[in-house]
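What follows are several structures.
Next, two complexes with chain A in common: one pairs it with chain B, the other with chain C.
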Partner chain A sequence: MALPQVKQTATEARLAAMTRPDGAKWITEIREAALARVSDMGLPGARDEYWKYTRPETLVQPEAPQAATFDDDDEQLFHEFDRLKVVFVDGVFSAEDSDDLTLEGIEISRLADVATQDIHWAKDLYGTLETNGQTPVQRPLAALNTAYAADGIVIRVTGAPSKPVNLIYEHRATGSDVLLHHVIKVEEGAEFTLLENGPAAARLNKVLEVDIADTGKFHHIRAQGRDHERRAATHIFARLGRESAFKSFTMTANGALTRNECVIELTGDDAIAHVAGACVGDGDFVHDDTVFITHDAENCESRQVFKKVLRNGAVGVFQGKILVKAGAQKTDGYQISQSLLLDGDSQFLAKPELEIYADDVACSHGSTSGAIDETALFYLRSRGLPHGIATDLLTLAFLAEAVQEIEDQDLQAEINTRIERWLERRRG
Partner chain B sequence: MLEIKNLHVKLEEEDKQILKGVDLTVEAGKVHAIMGPNGSGKSTLSYVLSGKDGYEVTEGTATLDGEDILEMEPEERAAAGLFLAFQYPVEIPGVGNMTFLRTAVNAQRKARGEDEISASDFLKLVRERAASLEIDADMLKRPVNVGFSGGEKKRNEILQMAMLEPKMCILDETDSGLDVDAMKLVAHGVNALRDQGRGFLVITHYQRLLDHIKPDVVHIMSNGRIIKTGGPELALEVEKNGYADMKAEVA
Partner chain C sequence: MAALDDVNVKEGVDQETVEAVRGLSGTYKYGWNTDVEMEYAPKGLTPDIVRLISEKNEEPEWMTEWRLAAYERWLQKKEPDWAMIDYPEIDFQNQYYYARPKSFDQKPKSLDEVDPKLLETYEKLGIPLKEQMILAGVEGAEDAPAEGRKVAVDAVFDSVSVGTTFQKELAKAGVIFCSISEAIREHPELVKKYLGSVVPVNDNFYATLNSAVFSDGSFVYVPPGVRCPMELSTYFRINAENTGQFERTLIIADKGSYVSYLEGCTAPQRDVAQLHAAVVEIILEEDAEVKYSTVQNWYPGDENGKGGIYNFVTKRADCRGDRSKVMWTQVETGSAVTWKYPSCILRGKESQGEFYSIAITNNHQQADTGTKMIHLGKDTKSRIVSKGISAGKAQNTYRGLVSMHPKATNSRNYTQCDSLLIGSDCGAHTVPYIEVKNNSSRCEHEATTSKVDDDQLFYCRQRGMDEEEAVALVVNGFCKEVLQALPMEFAMEAQQLVAISLEGSVG
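This part shows the complex of A and B:
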């Protein structure tokens, strides 16, 4: 079917501005197929139902809008944790800044290297989950990423590595337009933690594909921010095998536009998928969490917990769907999305959806939007807490349900401290 | 210590006068009790003194050690030494009781230009004071008042009071919903703070509490006014005859 003219034009303009990276035959074929998908679908436009709440123009336009780099006066996140650091500067892997990539129980390579190899296991995974994730809803920016991303990390986990891998992003050029594509394969019984943080670019398009084999476990803690002008479209595509677990948490602070899509398919029985997010936005801030979880096996559990604190005209969006396919009996699906509006200017737009084709399931979802609890605020102040501190305490309490989704207590504390500091800075 | 003169209060949102000229002075080291029928304005008085929104003072003054408290923010009143044990303590999910106590103690110290209490000193103090109110470690760890029984909430109020060491304590029906044992604990907590020159304003319906916290002065409040003031014997009179006679006297 022909695309609407506006979409066609926008898509062509963007594609004309891109260069496809070199690579071996296998990846070139995958990239060409992805490019064909983009041309078929067209890039997101303001009229697309899936982009009803968030305007995609700046993510689509040929040139990335300029974004000032952010000098963080705070210590680097996770700096006290034993971790293997992998650094990308404006989207390019930096061997100099990174640790040695060898670690027992895990193979780590750079996508740019893998792409030149005649044969590589990543051939069966790169772009595969992204392709599957294009139905029933199209995600053209992810296909664009598969077609053009030149760098990223490719990881195969075979055991239980002694420390997490920490992807650290640095943004140095004000106009950097970055595509990153990570591929992770967690083999049977293996367990792995991925950490991500740092402003990556003026405009970031990132895809993370995670394939978790039976009984494998994947933990993911990501921090976005505190750069103000960034625009980012990220996608996580995950496939879960039998008795496997996927737990992903994202903290977002600041950012002109962030759209985080998470597409999860539970394909083996007794698997667990938890995805959570806590975001804090002040002023020029649009944050969109779009989640799609498909239950295609029995007795699986999924949880979505998203909390947003918005002030001074910040905008929060949540689109979350649980799809339970026929035969996915004993599904346990939970979804909650809430916003705390600290003033009358901010807004939260939510579209929770359930689509269920099995009869023996327990799914619940809820969405709320509210102001600070005045009764609680007075109670705290009557004990001597200044207005600002009392508000922050209640704000942290509001976010707690999401932050507590982080299993590791130390990481949970680390994230909490950062949110605390973010609030503190605004208190002056 | 606490001096209330001719206090008139109406609701901010509607044209309803609730306090119609309250005069009351609590001296340092004394316990004053206020009794009175439901709806007479006792809680309103306690809220207005502690700075809750929604009320408008149309006339009169309230001072604590000579300072006008009505102009202060609620937290400033707390730092000045005023404390209200709520009739209905508020549940705050997600805020740990211990964090709350520590933050409150330190905020008040800071407001008074004092150093923060060290983590270990604080812990020692909480444990000791919690133990005397039979508040266990689990209650300290839980979110503020969440899932607490009525009695636990009231004891938690007294713990906050014990930690904050205010100079003027207002207790709004702290005895309601308590069984005899819990009431003794609460009374014991109050009596422990009673020396050292603190003032107390104890709002209650029942003589019961006043058996354990012996008041120096008893006031009867009705329809937004103190209609009678006397010694402890006044409470016994209420217990026997109710408020009807007194109301008739002033009418």
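This part shows the complex of A and C:
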């Protein structure tokens, strides 16, 4: 079907402004196929149902809108943790800032290097999960990423590395327009923790493809923060084998526009997928969590926990879906999305969806929105707490259900401290 | 019913529920047709057909123009494709848009003059068009109060209204209850003022189509301060083959008035699918209250999905006045395809909207139904309770919108939608949209399985029930809620449904 004219024009304009990176034959073919997908689908437009609540224009336009960089004195997130640092500066891997990439139980390479090799295992994965994730809902920005991303990290986990890998994204140029594509393969029985933080770019388009083999485990803790004017469209595509586990948590603070899509396919029995997010937004802030979980095997569990604290006209969006395919019996699906609106200007827009084709399943979904509980506030104040502190305390309590999805207690505390500081800075 | 006999029902699903669903979808009781000579307008849809319908209804010029304008709009509209329903393309030119019994050449002046065959039809359906105290033949009506209950009926047969009962008695109270064609002639000032003011002509594809070709329907006006002395009801019957039914209902509840309105519908069993596209508009002024109940029992098609009614309906209530209240209750068991979203625009301060729905689909039936609660005024309240049950190869979708506008401060919404699957070849889907644009409003969307009211649970536990029993009691209580909202006249249908519980629901 021909694309609407507006979409066609916008897509062509964006593609004309991009250059496809060089690479070996296999990756060139994958990139060409991805480009064909983008041309077929067209980039997202304001009239797309999947973009009903978030305007995609600034993510699609040829030039990235400028975003100032901020230097604060805060220590970097996770700095106290023993981790292997991999640093990207405006989307380009920086060997100088990064640690040595060798670690037992894990192979780490740079996408730019992998792309030049004639043979690499990533050939079977790069763009594959993204392609699968295009149905039933199209995700053209992810296909655009597969076609044009020049850098990223390619990881194969074979054992249980002694420390997590920390991807750090530095943002230095005010107009940086960055595409990053990571591929992670967790082999059978392996376990791996990935940390991500940093503002990354004025405009970031990031894809993370994670393939988890039977009994493999993948933990993911991500912080998107600081720069107020940054924009980001990220996609996580995960495929889970039998008895495997995928647990991802994202904290977002600030940012003019963030769209985090998470597409998970449970293909092996008894697998577990948890996705959680906590976001705090003040003023010019749009945050969109779009999750699509497909249950295609028996006895799997999925959990989505998303909490948003919004003030001064901030907008929170949640589009979550659990699709239970015929035959995916004994599925246990849980989905909760909640927002705390700290003032009358903020908005919460949600679409918590279920699509179920199996009869022996339990899927519950809930969504609530409202102001801070006056009774609780009164109670705290009657105990002598000033209004600001009482509000912050209740806000933290509200976010706790999401933050507690992080298994590691220390990482949980680290994230909590950041949220506390964010609230403190805004306390009147 | 073969499809359900050999099905493996999962543990935890109430056996009585399965039985009830089976019972409901046994042989379709209303599948016979009435053999009367019909008069058709030529097949297809053209401006001439629109003019012809208008002419047959003896409408004034402004009405004809209104219809023609709608027709022009319709030509530019695209059929919506977002609902989770799948049906062969409808050929809008291969339909009759107007069919009426020959005996209506001279419009009968009173019920006594109506063709006895038609009266028999309604008698057989359990809706006698006689002005009697109790609706005889309706099981369950025995429980009616001793002094008798009166129900005024407007019966629509294909494209025309056969007759309206109790008109005189209603007129004494000041209530106008007649067919819409009569209202256009007798009360043009009311029709002109309100028609299309809730569902605009260009609202959606089917509403626009309806605006162009609606042939009949009901009209109700309840004057200020009047509590309608009896229940009003309308009964739609499709009889002719290849004929679409397009009825239009307009209900105006003036300040401080109250009316309860019931709607029933059936159609004969035919191999070819038939189209039904209705529009219902309700206007509520200050302190008015309207209860609108539907038992939709159109022919659902056979077990292989052949035939059945395609039901595309736009229903909307506009709570214009402060403290007005509207309540939609629907029991959807029929139709091959249902596309229906009775909605509430809560414009007045402290206005309230309620939506209670049970949708049961079996065999190849598909239902995409739900509601829209649009909160515009301060302190508005809405409540949605939706139960979907899917069996056989059916697909059942709840689709709803709750929208709290920035000015709708201190508003409240509570939504609860559950679905149950009987067998492993069917599907149940939930597509809620929640838009909250102020912070003093509270919005809750829940599935019972995830949350049962703690206080109720505590109370039950205190009375010595174990936790499971207590949860079951509370959950089933919710389902009964929908049934209790149905007026007496639907006692028979309700009786069949009380056995339904949502135990073992999927989400």
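Basically, the second predicted complex is superposed on the first by the 427 of 428 C-alpha atoms of A that agree within 3 Å, B and C clash if a C-alpha of one lies under 4 Å from a C-alpha of the other, contacts with A are read in each partner's own complex, and residues count from 1 in each chain.
In the analysis below, a contact is a pair of C-beta atoms (placed from the backbone, for glycine too) under 8 Å apart; a residue touches a chain by one contact, two chains touch by 3 or more.
A quick note: this is a predicted structure, and the numbers were derived from the prediction, not measured.
**Q** Quick one: is A:T28 in contact with chain B, with chain C, with both, or with neither? Answer first, second, both or neither.
**A** After superposing on A, A:T28 lies clear of both chain B and chain C.
**Q** Applying the touch criterion given at the start, work out whether A:Q8 contacts chain B, chain C, both or neither, answering first, second, both or neither.
**A** Touch status of A:Q8: no partner.
**Q** With the two structures laid over each other on chain A, which partner does A:N299 touch: chain B (first), chain C (second), both, or neither?
**A** neither
**Q** Is A:E374 in contact with chain B, with chain C, with both, or with neither (first, second, both, neither)?
**A** Only chain B is touched by A:E374; chain C is not.
**Q** Looking at A:Q61 after the superposition, I want to know if it touches chain B, chain C, both of them or none. Which is it: first, second, both, neither?
**A** neither
**Q** Looking at chain A, which partner touches more of its residues: chain C or chain B?
**A** The partner with more contacted residues on chain A is C.
**Q** Looking at A:P386 after the superposition, I want to know if it touches chain B, chain C, both of them or none. Which is it: first, second, both, neither?
**A** It touches chain B, and chain C stays clear.
**Q** Determine, under the contact definition given at the top, whether A:S339 touches first (chain B), second (chain C), both, or neither.
**A** Second partner only, chain C.
**Q** A:A326 contacts which: chain B (first), chain C (second), both, neither?
**A** Only chain C; A:A326 stays clear of chain B.
**Q** So which bits of chain A does chain B touch that chain C touches too?
**A** Correct list for chain A: none, the interfaces share no residue.
**Q** With touch defined as at the start, can you tell me which chain A residues reach chain B in the complex?
**A** Contacts found on chain A: 373-376, 378-387, 389-390, 393-394, 396-398, 400-401.
**Q** Okay, in this complex, where on chain C does chain A touch?
**A** Contact set of chain C toward chain A: 9-11, 13, 82, 406, 409, 419, 421-447, 449-451, 506-507.
**Q** So in the complex, which bits of chain B are touching chain A?
**A** 50-53, 73-75, 77-79, 83-84, 86, 89-90, 92-95, 99-100, 103-104, 107-108, 111, 143, 160, 164
**Q** With touch defined as at the start, can you tell me which chain A residues reach chain C in the complex?
**A** 49, 53, 322, 324, 326-327, 329, 333-334, 339, 341-371
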